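These notes concern the structure reproduced below.
We just call them A, B, C and D in the order they show up, numbering each chain from 1.
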């Protein structure tokens, strides 16, 4: 099972700790982690996953494998900029969004467009014409996010 | 000047009328219209623009030029699915979002990530952790949207 | 009708003259020219087309419309590097390859893979295990190339 | 180290045996195999690699992980059609081309454009204006191809 973690390339220490815990939990559930391969949330999540023995894949926007953070096991070089966001979410059976900025927002849009479940931790909230759109599954903490992601992924595989 | 119009591939008659008026206003301001080239908001906007003598470009997700709506003057065939959303917003100096679903949300994310101004007409509202993010410039009606888009585009060119 | 011109971003004066003549002939046949939007063969072809009153579209690899040569009428900004080669050939009903290096070779491959006819002017020759593969339609000069491209494009539309 | 294997989605039994042997040799050298993830040469190479305990990555053109051949360990879903060819070669330190048709030709072009060494086994031969272009390193057999690919990859890392 492949689960995506999306979030900002820069983040606070608090958010990094959360991402690292999510990465660790994913590895403990034998899920492969896919992400954008750079810093911030991506690096923290990969660190947590690798330290717990998990597999990590980084879908890089640039042209150099060396751009990947040091915890990426398989660096995929795309040279296609942020279009690579689509690959990150499409390759996953579920997506966990942690905090994040506009790039993360685009990934949430692409995931939901493709009916890929999105679990949210302190991330974007969506509404249209004053009405909340509850398309994102809210999680309380790291282990809740991972459990909800895996449950959603299994429902899709059934 | 190139302005993007983004919105759903299906839409209500009311939203279609709004999109058509936006397209017409863009042509009246001599702006070239770029969009995803399919139905709904895209088709209505192209119709308005073409009937007012404007130029229309459709960035198609599939492999066939024939998928373009009949008001697309220049069909660009990408075969890359929704990744083409990135091209639509990057090719424009400003973006007008009309209503729309998750695909439109991804385009808003990509535009804002690239500091391309987004004008919103009855579209997504964004907030994070309970706080509204006023990244989208709200427009009241079609001519207001076009004026704000062109003003924002000119500010970028300066 | 949209015809693609592909070739190197740098080229000799002789090749540039040839490309300019091809661009001019395309415009004289009312065909829209699509290309990669940069220098060398692309710039010379756009120059010829524009000076003869033709429409020119540049599918740019980078993130800035300002990277387009001055004869591109519609700059399309992709930010996807050389993957944009696929869009150039897929958007055309036929492709004219003039000289060119490895990027041009990739475009020839993508065009032929998609059954889009390729007309060659002093460009790559292909063989496999010692046997020539005559997949490219050889042209003698600029006007021959344009006539063969338009004839091939019309056959496809039929 | 990541080595790409490129070749046709359909191939003869003889070519499949060759591809399987190349995959097996790559695994024996502890190289990760990346490919397009589908049938023919890709499937045979993945089979050889997996049966020898190697890691295999498939960069899929479509929208479904289930399209991957059964020997792909990590399926990456792109939905971008043949543009994914660029990712396959850019993610590798060297490329081995086995037989192949026009898709393989496009990959050879993209690899050489990016200065990624290409080892050829019964694949395309290139010439321009009657002069052979010896840009492809010719290999005699499977183990020769793998040795040359790994040597070329190591030279790039130095």
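Keep in mind that, in the parts below, a residue touches a chain if its C-beta (ideal position, glycine included) is under 8 Å from a C-beta of that chain, and two chains touch if they have at least 3 such contacts.
Here the structure is a predicted model, which is why all the values come from computation and not from measurement.
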Self-check item: Neighbouring chains common to subunit C and subunit D, by label
Solution: A, B
Quiz prompt | Chains touching both subunit A and subunit D | solution = B, C
Exercise. State the pair with the higher C-beta contact count; candidates are B-C and A-C.
Key: B-C
Quiz item: How many degrees of rotation map subunit A onto its copy subunit B on CA atoms, rounded to the nearest 5?
Solution: 180
Practice problem: Take the average of all CA coordinates in subunit B, do the same for subunit C, and state the distance between these two points in whole angstrom. | Solution: 29
Quiz item: Centre to centre, by mean C-alpha position, how many angstrom separate subunit A and subunit C?
Solution: 40
Self-check item: Overlap residues in subunit C, where contacts from two or more other chains coincide
Solution: 63, 79-83, 86
Quiz prompt | Sites on subunit A touched by subunit D in the complex | solution = 2, 32, 55, 57, 59, 63, 65, 74-80, 83, 86-87, 90-91, 114
Quiz prompt | subunit D - residues contacting subunit C, complex | solution = 80-83, 86, 101-110, 112-113, 122-130, 135
Exercise. In the complex, go through subunit D and note every residue touching subunit B.
Key: 63, 79-83
